[in-house]
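Reviewing the structure listed below.
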Amino acid sequence: MAVCFFGGRHMNASVAIQTLPEVYDNDEIVRIVDEVIAYIKSTGYKYYVGPFETTIEGDYDELMDIVKECQHIAIRAGAPAVMAYIKVSFKPDGDLLTIDRKVTKHHLDEK
Amino acid sequence: MAVCFFGGRHMNASVAIQTLPEVYDNDEIVRIVDEVIAYIKSTGYKYYVGPFETTIEGDYDELMDIVKECQHIAIRAGAPAVMAYIKVSFKPDGDLLTIDRKVTKHHLDEK
Amino acid sequence: MAVCFFGGRHMNASVAIQTLPEVYDNDEIVRIVDEVIAYIKSTGYKYYVGPFETTIEGDYDELMDIVKECQHIAIRAGAPAVMAYIKVSFKPDGDLLTIDRKVTKHHLDEK
Amino acid sequence: MAVCFFGGRHMNASVAIQTLPEVYDNDEIVRIVDEVIAYIKSTGYKYYVGPFETTIEGDYDELMDIVKECQHIAIRAGAPAVMAYIKVSFKPDGDLLTIDRKVTKHHLDEK
């Protein structure tokens, strides 16, 4: 069974998070979500920003702590309340489908 | 602004979790998911079991720790890998829509 | 392989839908979501109302048409915009885990 | 209020879909999901492939028909059963946050 490492860290999970601040102006939504994405970038994990959610790859326990913090970031950035939608793929000892394997080829001919 | 407590604990969030063990027999899926639900029950929080997800109400940080543990429970119960789908509603100082307010009236005339 | 029928109709799918109207008052959210749930009830399918989502059981194609209509109902009820989160389990010829099998036993000792 | 068109078609919605075939080999999952993505490409809508989900932009009713067809594609490609997770953002007359607005800047400095 393969055990993958990324940048010296255990790579056993892929987590996608959509943080949805309850504010009603698109510019405000974008500003708050950008702070959440800036935080995710600052963690040093491989990440991938999509239209609805940002995916992060790494160690399961650490990713879940990051996911938890994202909502605090949104509140601190000014959202009075926040919804979040999270997807988890966790394979402790297994062959995880990486972001690269799932996405790269499709972006070569994306329009 | 109302701040709600439940059983002496801060009630600022509602979290729904679907833990999906990667096993291919319905009985095995049910057995593993039952262990996850037993764990959720053991935490003492108000919960609500639905067909796809179980909802828990309470303190945001503690709920996110429970959500994180659910996947470890499924792995320990025998799943080689697990997917999870999580919904979060977090209102630090606000008027959260409770499980009771969202569900109770509809179950009076449900068929 | 079992093929299930419900009320004379093909039962090959289970679909859960959360319709989230973009309005900012809890009473308005509840009013609009109640109209969506009333519509789901009116279709005659077996359904189950949970805190975040309502689950419906039946024929896949018909369920997806109902899911599509839910967002139109919310708009007609007054929401200027709507988000929706939908889960689908579709087994054309298989042994679907029914709402009853997934939920009933847990509600006997739910608190 | 802005009404957007894309390629002469009404642009009032953004939909993300994850089609999850119930097969247990990563190569088979990738093969089946690739057929679903090929179908989405063939519809001519603007789309964006992410690690967990593919996002499509366009007319709400047409997008929901595409979403419905994705699961049939997966079954025809060989999956005995399929789960799907769908996100919808629908603004009939409004200012939709487009894929480009949500994603482009972040990919300039993505690692």
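To keep things simple, chains are lettered A, B, C and D as they appear, and every chain counts its residues starting from 1.
Going forward, contacts are C-beta pairs under 8 Å (C-beta built on N, C-alpha and C of every residue); 3 or more make two chains touch, one makes a residue touch a chain.
Being a predicted model, the structure only gives us computed values, none of them experimental.
The minimal number of chain-to-chain contact steps leading from chain B to chain C is 1.
Each chain gets one centre point, the mean of its Cα atoms, and the points for chain A and chain C are 28 Å apart.
Per-chain CA centroids place chain A at a distance of 21 Å from chain B. Residue positions 83, 85, 87, 89 of chain A each touch two or more of the other chains. Contact topology of the protein chains: fully connected, every pair of chains touching. Residues 14, 16, 18, 26, 29-30, 37, 46-53, 55, 85, 87, 89, 95, 97, 99, 101-103, 106-107, 110-111 of chain A are the ones touching chain D in the complex. Put simply, chain A touches chain C in their complex at residues 20, 22, 24, 83, 85. On the side of chain A, the complex with chain B involves touching residues 60-61, 64-65, 67-68, 71, 75, 80-94.
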